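The letters A, B, C and D name the chains in turn, as written, and every chain counts its residues from 1.
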Amino acid sequence: MNMDTPVPPVDRYIVLDAPPRRLRDVLLRWEVILVILLVATIVVNTIVSPYFLDVFNLADATFNFSEKAIIALAMALLILVREIDLSVAAIVALAAMGIGYAAEAGFGPVGLFATGIGIGLLCGAFNGMLVTWFSLPSIVVTIGTMSLFRGITQVILGDQAKTKYPQEFLDLGQSYFIKMKETGISWLFVPPVPLSFLIFLVLAVLFGLVLHKTAVGRQLFAIGSNPVAARFSGIPVDKLRFLLFVVSGMLSGLAGALLTARLGSMRSNIGVGWELDIVTMVILGGVSIAGGVGSILGVVLAVLVLGLVTFGMSLNNIPGQVVSVYIGALLIAVIAIPRILDKVRVRPIR
Amino acid sequence: MSQPILTLSGLSKSFPGVRALHDVSLSLRPGSVTAILGENGAGKSTIVKVLTGIYRPSDGEIRVRGELKSFSSPRDAWAAGIAAIHQETVMFDELSVAENIFMGHMPTGPARFVDWSEMHARAAALLKRIDAAIPPEFKLKRLSVAQKHLVEIARALSHEAQVVIMDEPTAALSANEIDDLFRIVAQLKAEGRAVLFISHKFDEIFRIADDFVCLRDGEKVGEGAIASVTEPQLVRMMVGRPVDQVFPKRDVAIGDVVLSVAGLSNATEYADVSFDLRKGEILGLYGLVGAGRTEAMQGLFGITPKTRGTVTLEGRRLSIGAPSDAITAGISYVPEDRQEQGAIVSLGIRENVTLANLSKYIRGLFLSRTSEQAETRRLGKRLAVKAANWEQKLAELSGGNQQKVVIAKWLATRPKVIVLDEPTKGIDVGSKAAVHDFIGELASEGLAVVLITSELPEVMGLADRVLVMKEGRVVDAFKRGQWSAEAIVGAATGAAKEAA
Amino acid sequence: MKGLFNYRELILASILLVGIAAIGAYQPAFLRWGNISDMLTETSVLFMMALAQMVVILTRGIDLSVAANLALSGMLAALVSQYYPEIPLVLMILTGVVCGLILGLFNGLLIAFLGIPPIVMTLGTLAIFRGLIIIIAGGDQVNASEMGAAFQAFPKQIFLGLASPVWIAIAVSLLFWIFLNYTRAGRGLYAVGGNPVAARYCGIDQRRQELLAYVISGAVAGLCGYLWVARYGVAYSEIASGYELTVIAACVIGGVSIGGGVGSVAGTLLGALFLGIVMTALPVLQISPFWQMAISGAVILAAVVINARAERRPDKLILPEARRLRRV
Amino acid sequence: ADKRIAMIVKNLGNSYFDACANGAKEAAKELGGIEIIYTASAKPTAEEQIAVIDAQIAQKVDGIIVSANDADALVPVGKKAMERGIKVISFDSAIAPAGRIVHLSASSTPLIGAKQVQMIAKTLGGKGEVAILSAASTMTNQNSWIEAMKEEWKKPEYKDMPLVATVYGDDQDDKSYREMQGLVKAHPNLKGVISPTTIGIRSGAKAIVDGGLTGKVFITGLGLPSEMKDYVLAGACDSFAIWNPVEYGYSSTMIMADILSGKDTAEGAKLSMGKKGETTVGKDGEAVMGEPFEFNKTNVEEFAKIF
């Protein structure tokens, strides 16, 4: 019988710090796929419609998805940790209503935005509390609060609309925050940027840094990958979950303020049906419903792809429902194709 | 010698990165009990899973009564007359006991509708046969771990199979439940069935087995009649070296008390757990599966809520409400369930190692990759983690290396006290020796270690003192030199008490 | 299989009874048989849809595309009755069912065999199905007068005081009850949702079970599509929009666990009835319609919190005394 | 085509708007040199409609004709379009004055309100409880009509015909149907229902027929002959009114053409509606097409063929 005693010497293997970069891995990254999609979208649209590649048109197009995109950033983090918030659109409505009343009470723009964000914060805290205290599945809770929040809006507002807002507030939502600036050189200029899109970009950078560069971000990935192990590693899982719901609420409130300013009015049905659009953005962005996988860059790219596809198609007067068919198909295809690929590539050994 | 019911020849099975079985052959005679021995990770359960159609063998053939079989699903195995009690409890908490027993082969009446009364009747009969007073219509979640294991035994018997496989069936049973089980085994023998019995407990093996097959690293290293071997010989076969060398116990100067736990209790899981732990000491915590060791230590670590009890570290009373409190105080807990609680397999080695004390790697606002890498390199090298690079996902590592990474994560927190819960569970011989060696080393560096293990040799080899837990309470304590295997096992199973 | 109701369902049932009694006391008209039967007729679709959704949720899945499926299948059935009025009613209904079944099959195949997360898959098909309605109907709608007479007459026919949709709902519920409690496949759904690994060890094919669930869900949606269109005498792209969440809500109220493996026919029916009453009672009670949403939201949350305890993983009860206490 | 006019409606797959679009195309043919873009958003919400209008602005169409999902929410985008030199008018469901040049009502709001009250009064002989089954509570045209009805109601001849309730079916068939059933139960001696929405009236009528209430309860309001034919013949509805949506689309387009040709649109100005004659711009740019046309057993079947 052999008598070897395998006591490993200290430096037995050479272990690299990082894997050697292989082109294949880079190309198969989700973001790259999205970039390709984005480029394709732009090229195709530019070819089919002469109106597509026009800074003003594109700037206007961003108006229509920026508010959703802002909420999508928070939703991305939630889905990353295996949660979801279907009540965001309802929070938008509730916040917008609060803003409506605040405006009648004579608040200024700052006050109005604060009101919206504040109401969002409360709603988010309510969701977070239900999810963490009672350890309930968030999809169920937020289906409930979705009806509750919008319901409250309907109860209070009835068939009324809120239409009185200070002009500065409306300007924030309706005119370009950064004005077009020519520099003489035709291709070099400052494009017009709406406030909502600007906020989205800033927040995207912020969220990107937090998620990919800070300890909290790392902890979120850990929670999403394995909540139990995360808890065993001393990560305050429930605190962070709660926090994310609060953030989601606040961004929904912010979006509510921007939307109100853009529409110059609000009714109880404001933003209805947004939740699924937002979830679509996040999933297309490569955030896995199973948790633990995703990047802010991906979400940003997905937002742009969806926004430009929609804009491009309506430029060609394709009716809304048909557009949504393409979007649905796009979503499924983007998720399915990689799976089909590695199904045919590696056969699982059993 | 009668013609065998079941023969395996040249069986091999490998998983990505792991060779679980290599060219194993064995045969089972009717009316006999064959024991499979082997350390954790030797490949025992893999044989079971191949025999029950859960894994497809990479190579080799299975013959039942001489005819070649290939199992693609447990149903095929049942059809061929093979049933098993699996090692991990795989049951349905939300379903009734009867359903748990008959899931997959429920008795059906006319029009192939499930016949509940029949099912309950047969379930009741089976449970009676193993003297388990469990109502068949109870939901499984109302049962204790031990009762659940009884239900599993009933499930295996429900197939009336010719070959019954039991993978560590006694792990969660108490002494008299084990006696009942052995009565059943004897019964099966008498009925001319073949039993494949897997256990880490030699007394059991010598008690009921006729033949044995010994595995090491997935290869068969010996077989024969139990009567023809002695325990030391078997151990030697399993481990590949004489047992006294397995655990090179270093003599460490034991310092003064670091941690003292008093009256730690929880409503339903454990009660009055008290002990002192000294610098450089290794305190063994022995007990059967489900004895509550894990729960107690998790209570200490702030995971399972504790109703009473005080924890004092270096004279300071700690109030531990969450793991983070324990970590900052200097207590680490390496959980038993590596896949569930320890490793985050979809993250890389570096990310795992630094997870438990990320704040240490923050430079300015952001995490500094270089300082993370430095720490990872230090611990990774020290534990001899085998990997291609420090960014490699844990999913791609072998079980042993995963376990090393998890331990590295806890060492990175620079603990004063480290609790190791079944640290060698399911890791291969090499890493196991390394881990043992390492535990000694930690102690010699002045760390206080609590070692939870269900393996007697391990605890006897490494520990300075041993606490034995049974049904959530500390029932006995032994000092190195003043213990015997019988005494410890007796305390754990309650045999001693019953004898007295 | 002991008892039709478990403890939680009894709570729900008693709450319902109290509620109905209270409403009746306030507005006797509500308790008239006419109203009760109307209410059942109105809720019959929700009954069936909720049961189908439960089957999906049992397998740890979710089907967000049911409402869109209903609308598309209904539109197809309506188109058939518009352009081939002569073919027998059964075939028209069958068109709806088969259409729904195929759509469900599409969901099931990609979810079970490509492992696409159910929520993603059905989110996509939700949009696709709705759009297809516009496309197949050429952006037009089908009106009462364009549908065959028999096509519309059927849901109105009354047998023994109840309209045919109610009878269909009763039949479907019975089928579900038998299927889920008295067939191996039915129990298999619970097994797969309760513990996939264990199910595998028991030789249950998870993929087949999942596929089955989505096919069932689709077929029921198809049937309801016909009933819906025939009952309200119009088919167009917007019908039943947002209904998927109502259906899921009914399941949740009925104690179906999103985590899979838990849920009963009785509970789900009660959950659906609960929402059905909220929807039909408010007009009768002359409660401002603006309250409806808030109330159903509150009801959902209340139900979820009541069920919360059941969701928790049980203690292991290692201490003997603890075990003795729990055993009764 | 040297001029492009976009007709953006609430939602597609709705016969009423399809009929309007046909009218618009008819007008375009008549005028020549005009291209009609007929489109709508996926969901009937203000947000999505705005996105569609933005796309039209981007295409620099010459004129936009809108049936608004929300009067106020569309004002900003309407303004933007007009700043970019695009003529914006609304029809069917108005944009608030600030957001468009002209709104062409099918008929003056008071007229529509009065008409419906008169119809139910005629049916009931001026006696019995009456309720209103409206569409979504957020729809401006609905609300203004209801206001007008209440005005008419003030007249003495309706004193035996009290308005007992107003409910909302959200322009969903199932909800309208339930609300109708609810009305009947909540008000045992309800005699008549006014539903100023095509979806509400058709579902309400269906509820009456299904409930075996024909002869006991009558519904009237604004409906489409093609949808109401059966119920009129069944006797659930004695008479209902609507303007001809084909003519409505036609007239709107004609007015737009006039505006594009630089016609003045100040109060009092006259705009041509082609073969439908002329209309005068009233205050707030409100113009009126004509009187609502009444349908009953005698004529419903022939019009059912058209719209």
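We adopt the following convention: a contact is a pair of C-beta atoms (placed from the backbone, for glycine too) under 8 Å apart; a residue touches a chain by one contact, two chains touch by 3 or more.
Bear in mind that the values here come from a model prediction, so they are computed numbers and not experimental data.
Ranked by distance of CA centroids from chain C, the top chain is B. Spacing of chain A relative to chain D, judged by their CA centroids, is 38 angstrom. Taking each chain's centre as the average of its CA atoms, chain A and chain B sit 43 Å apart. Within chain A, residues 158-159, 268, 273, 319, 321, 323-324 each touch two or more of the remaining chains. Each of the following residues of chain C touches two or more other chains: 130-131, 133-134, 139, 237, 290. In chain D, 12-13, 42-43, 137, 168 are the positions where the chain touches two or more neighbouring chains simultaneously.
Taken as a graph of touching chains, this assembly fits none of the simple shapes: it is neither a line, a ring, a star nor a complete graph.
Two chains count as a pair here when they touch; such pairs are A-B, A-C, A-D, B-C, C-D.
Against chain C, the residues of chain D that register as touching in their complex are 11-15, 18, 42-44, 137, 165, 167-168, 172-174, 177-179, 181-183, 185-186, 188, 199, 202-203, 206, 210-211, 226-227, 229-231, 304. By the touch criterion given at the top, residues 86, 130, 134-137, 139-141, 143-152, 154-155, 157-159, 268, 273, 276, 279-280, 283, 288-290, 319, 321-325, 327-329, 331-332, 335-336, 339-340, 343 of chain A touch chain C in their complex. Chain B makes touch with chain C in their complex at residues 52-54, 73-75, 78, 86, 90-95, 99, 103-104, 106, 108, 112-114, 116, 137, 141-142, 144-145, 267-271, 290-292, 295, 471-473. Across the interface of their complex, chain A is touched by residues 6, 12-13, 37, 39-43, 45-48, 50-52, 54-55, 57-60, 70, 72-73, 75-76, 80, 136-138, 143, 168 of chain D. Of all residues in chain A, only 1-13, 15-19, 209, 213-215, 218-219, 221-222, 225-226, 228-236, 292-293, 349-350 touch chain B in the complex they form.
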